[in-house]
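You will see chain A twice below: alongside chain B first, and alongside chain C after that.
Our next item is the complex of A and B:
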């Protein structure tokens, strides 16, 4: 009987334990700590990354594409852009071909952070916990 | 295009920009759109036979230098070499850019969306009314001059407009746009304005209207086949409307043009009004959406009564195509297309075409 109770208890604990999947991760949209941009909505982020001109607090934002972390990219595409990375890339190529501006891609985190620190209009995204743990940046959106 | 030396110099310049685009201030977007197209037609004339197998590459480069933007596009194929676009833009304010150079005429929505990037368009062929000048397209596809682009968001939606003023094409056997690499024989005034509405900013769904004007001088006097009068100029006024509706599975793109062609010669002038329209529907199959079925119907019912359109024997007043596109990889596609065409010179034929296209870098 003791074993049965122990197994049932263990099963309950396992069922209650949250399993973190990619789609359950949160993405933070961040700026450098000196930036005048205070907040951004999911729609504004989506539009900015699709090439629309978005002005926040009097500043036209410059989105930087974070490809330094595969999970962060996947979560961003699923939760914010609502499309696959391939479909997004094709939209960007099309946008660029029409004379539009395409977000600059960063595959190296120090380079991405350096670009973010140099420009008060720049925004980027990263996993929420990464943003919390990174000094010198400020979270303006949690998506 | 006659001056191939200048063309190769343009290719060299773009390749140097590509090599430099891996770092430094020159780091911009450099894209190459290679394609191989094979066409088989049931009726052939000399011109058609020459189009059976066409390898091509479209070189595209764009970069930002603070508020300034540079854009260049160069096409090299087995049939031609042409500097398609060369523009320098200045960002006046957020969402507003002034361009100078040679650019796509915004009068045709298809023209500005796809142009020579074969990989970007789902179908293998283009609507005949939006064809390039040298392929008997009736509208100026390029203008050289000044262009203003502007967009403004209002709530969830976005309104954008494009206005341009510059030099349009001349006409010999087809329209001849002003060539930046061989800048003789400039055309006369051309201008257009396009207004577009996105119900959701950043989303490709769009509706809009455009108006255009072009004063097109002929390089020699020809006879209008409809009126039998000698002509050396056409003043073209165009009103158009377009729609582009996209979802995960469906894509619908269509345009309607009303063309007013005033053809004139010494002491005479004849005005022709006709309309032209096309509608293309696409459906993506399966979860991966790698396979797309599409069909397009297009018509210019009174083309034979229009003296200007009658000067373009390869213009196709009636055309229908069906096709399938398969994306081998996210940046590489195969297309197979069947079509039925009636040309302005009364040649009727069925066709079957295949194309491989991609975009580099992978």
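Our next item is the complex of A and C:
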């Protein structure tokens, strides 16, 4: 029975774990090509996504939370937010009660890109290769 | 329908079905619930671990970036390694070889270590290197496995306890149903007068018990009615004088009443199942049974019956056909007709004979005489009629009484019989008159011989009350065809001749002479 549990557990873990290649482990922070925002640091991104007000080039940025790709989301959480997705959610809830702005969540990539194109103050993140392959957006940070 | 036994019987019961149903529900639901809970738990454990690893790595990187001297960095890393959760940690300067494979999911890589790389920044947020940290995933793994083990244990225990309760309560709930079943069995086994009393709080079972009690009451009432009806029918059949027998299509006896037993001298058990033909003489069987072997419907037909003793008798039969539940049957009404035949014979005897002497009376005399005339006419022979009147009979009657006279008449009848040939007849006309009919005579001499014989026997004494008395007779003779060709003329002429004999002093005979 012990072995069966172990095998089942390992199978669950392996099935739930996507294969990650080295070149896919970079996350890019992007804006639309028309945006006046040119560059952003990891700390600024972190603060923005925690609900703090960040002004760059005279523009108060609006973070959009990309949940269209699990790997991108996890890399972002680990490299930028330094917390798990669940802890981040709890943080957002806590910040919301304190008057912070909760980033809008997108689970569909075309919708995310559409929102990005509509607002020059909007920033989001995605896997670096995806950002490179997506027209109409500009990379302002590489994490 | 065969009843299941053992395990199959149990699983055919309410309790068994409830147990099976509950087992099926638990087999599907309990694993789903527990696996769901365990997956949430597993995810939470892993999330907490990842969160802890990421935040701790960030703090370490922050701590290092505040004073990035090598000895301090080594001290911080050493402290972390000693704490246990961090199994590997290293600070790499900018430009150092980058072959560290970072993990983003718990369990990634399968090496039970969660690898994290955190950039370390110096003053003015300038990158000075990176911190590579590895966190041990084993404790979380163990926690998750333990949770699964407990889940399995608790789930199994839950199922077992549930099944035990289902069995217990199933048994408890079906107790009243079993009581109902037992009551139904008792009713089926004949204890129909026993009231159905059931102590239960279950409404449905109470309703069922009430319905059964109602049904039992109606059954009792119906049974009484049927018993009463059957008793009446039986009484009627038992009291009937006529034998009543029911037959099937093949003439086999199905039932019979006591009268039928008496008529045929058989006991019921000797006849039931046997053919009715045994109760008839063989020559009459075909009058009762068709060529197809079925009874023939009859109405008051007289056949010849055969008793067990072999005695035959007149049997009056009526046979009718009936049909019950698409089954044909025949009802035979049988009556022993022998008494009627005896009665009719007696009536006929009384109508044609003299009750005192037993001789044929005038009516039969006419008949015998007519037969004699017919016979003699065919054979061209003579017939003689001897009309006899007793002499001095009135004296006996008057002096000794009618009883003595009757004795004399009886004795005369006996003596006259003794004078006759085979084929001759003697009749008493009434009073002291007798007539002899003598057919097939060759001549009048034959008549004379008989007349003399009669006179001789009549002159012999009669013993009355110990004394001897003497009478005699006067005989008138008429001959067919000489003295008449019909009964009346022959009798009249014989009577005339008798008076002639009487006139001559009696004890003589005279032929009629025109």
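The working rule: the second predicted complex is superposed on the first by the 119 of 143 C-alpha atoms of A that agree within 3 Å, B and C clash if a C-alpha of one lies under 4 Å from a C-alpha of the other, contacts with A are read in each partner's own complex, and residues count from 1 in each chain.
In this text, a residue touches a chain if its C-beta (ideal position, glycine included) is under 8 Å from a C-beta of that chain, and two chains touch if they have at least 3 such contacts.
Small disclaimer: the values here were computed from a predicted structure and weren't measured.
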{"item": "Touched partner set for A:98, first chain B, second chain C, both or neither", "value": "first"}
{"item": "First, second, both or neither for A:25, with chain B first and chain C second", "value": "second"}
{"item": "Touching partner for A:86 - first (chain B), second (chain C), both, neither", "value": "both"}
{"item": "Contacts of A:141 with chain B and chain C, given as first, second, both or neither", "value": "neither"}
{"item": "Partner chain in contact with A:43 - chain B first, chain C second, else both or neither", "value": "both"}
{"item": "A:77 touches, of chain B and chain C: first, second, both or neither?", "value": "second"}
{"item": "Residues of chain A at both interfaces, chain B in one complex, chain C in the other", "value": "43, 86"}
{"item": "Complex interface listing, chain B residues touching chain A", "value": "29, 31, 60, 62, 64, 69, 71, 87, 89, 94-95, 97, 99, 103, 112-113, 115, 117, 120, 149, 151, 153, 156, 158, 201-204, 330-331, 359"}
{"item": "In the complex with chain A, residue positions of chain C that touch it", "value": "42, 44, 47-48, 50-51, 54-55, 57-58, 101-102, 104-108, 110, 116, 118-119, 125, 141, 144-145, 148-149, 152"}
{"item": "Residue numbers on chain A that touch chain C, as the complex places them", "value": "1, 5-6, 8-9, 12-14, 16-18, 20, 22, 25, 41-43, 71, 74-75, 77-78, 81-87"}
{"item": "In the complex, chain A residues that touch chain B", "value": "43, 46-55, 60, 86, 89-91, 93-94, 96-99, 101-102"}
